[in-house]
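The letters A, B, C, D and E name the chains in turn, as written, and every chain counts its residues from 1.
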Amino acid sequence: MKLGKVVGTVVASRKDEKLEGLRLYLVQDLSLDLKGRDAFVVAADSVGAGVGEVVLYASGSSARQTRDTDGRPVDAVIMAIVDQLEVGKALVFDKFKAG
Amino acid sequence: MKLGKVVGTVVASRKDEKLEGLRLYLVQDLSLDLKGRDAFVVAADSVGAGVGEVVLYASGSSARQTRDTDGRPVDAVIMAIVDQLEVGKALVFDKFKAG
Amino acid sequence: MKLGKVVGTVVASRKDEKLEGLRLYLVQDLSLDLKGRDAFVVAADSVGAGVGEVVLYASGSSARQTRDTDGRPVDAVIMAIVDQLEVGKALVFDKFKAG
Amino acid sequence: MKLGKVVGTVVASRKDEKLEGLRLYLVQDLSLDLKGRDAFVVAADSVGAGVGEVVLYASGSSARQTRDTDGRPVDAVIMAIVDQLEVGKALVFDKFKAG
Amino acid sequence: MKLGKVVGTVVASRKDEKLEGLRLYLVQDLSLDLKGRDAFVVAADSVGAGVGEVVLYASGSSARQTRDTDGRPVDAVIMAIVDQLEVGKALVFDKFKAG
């Protein structure tokens, strides 16, 4: 999985029929020190994430293993909202302390 | 999924038999501020997209989950035409206002 | 799919039994203006391509969706020979006019 | 597979139901001379790895071929803990001699 | 497939049970002129390759299409040993002439 931050939303009225009802987010990749990287994906949401949250997303066929994305033409899915990240023994991210 | 812009078309008369009837587009990757990137793919179209449109495409086995691409040797499919993109609270793209 | 040019051939007598009979080509990635990129793959051929031709190749599990590659340990297949490429309204490649 | 080092942990209370019980690690890619690279993934653990260990991780659908990850939305799994690496005839890593 | 050179071996006693009996090699990517690239993978061996040999490896789910790797958490497999490479009309590699 990749570590990312939900930075925006996508609205698409004309889309494959199997995409109906899926929320699509712009997710920017993060570095290990939580800086935004140059890369991003558009990911479906299976966990009720919101803009600004730090999340994990899965890619490829693994993105179709959630109840929401099964059998759909979706190659990236947000499957977890990150509470805490520890690198070495340092807590580098805590959702409840981050502004 | 990746965010891209349809920039051209591919004509191929000699191709795998399973590709018959599929429209193939050149799709250039876009950055979050809608600038063209150096990367592009050739994607099949499942939504009736046209040159100049901003789209989403799915890659890998997920590209075979549409009715048009099922079971075909296709690793990228346009599965949505983008109407609007919002980054943070700013509307960075609106199909109906873009030229 | 990726746009590439067949630049060479691979001979391998010792190989997985499922590869018997497959022709393997060196395919260099091309940019949108048909320049050779630094990246290349070794792809199986399902369309009778030859050295020098501009082709499309599919990667990953999609590379196993042709009759020739089904069930084989092959992650890239040439599935179309390009006749024409149009970017915007300009014809940037025409097989029958290219040298 | 990629060679990596377990550098941290991820805590996520809100996640896809199929992720329950999986341990998620931050794994930094290593170069052939065991230096940390700029790239990292979040991988599930199928072998009882710990922070600081040099491991192998598998990506994509192959990450779902362990008993722990089967059918789950997981695209990277630690499937081996490295004891020794030999490059040419030189032993470049020995778990039992590394600090 | 990618062109690579077997540059070393990996020993891992603690690993997913499905990996038992597989030989794991360090394989460095090669450029078209047979120079070592900065990228490498750890690949299972299905053809009896040895250190120093120029090989092809397949990635992703295609890496599980050999008898040795079927159903295993393996995302890269050496599936051919290269005898000769021809680029244009020049023989750029010949196993039996390479030192």
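One rule holds in what follows: a contact is a pair of C-beta atoms (placed from the backbone, for glycine too) under 8 Å apart; a residue touches a chain by one contact, two chains touch by 3 or more.
Given the structure is predicted, the values throughout are model-derived calculations rather than measurements.
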Problem set entry | Between chain B and chain D, the fewest steps along chains that touch one another | 2
Exercise. Which other chains touch chain C while also touching chain D?
Worked result: E
Problem set entry | chain C on chain E, rotation in degrees - Cα superposition, rounded to nearest 5 | 70
Exercise. What is the distance in Å between the mean C-alpha positions of chain A and chain D?
Worked result: 20
For this session: Averaged over CA atoms, how far is the centre of chain A from the centre of chain E? Could you give it in whole Å?
Result: 33
For this session: Enumerate the residues of chain C that touch no fewer than two other chains.
Result: 60-61, 63-64
Problem set entry | Ring order of chains, beginning at chain B and proceeding to chain C | B, C, E, D, A
Seminar exercise, completed: Touching chain A in the complex, chain D uses residues 7-19, 24, 26, 28, 38, 40-43, 51, 60-61, 63-64, 71-76
Seminar exercise, completed: Listed in rising order, chain B residues that touch chain A in their complex are 1-3, 31-32, 46-48, 56, 58-67, 69, 77, 79-88, 92
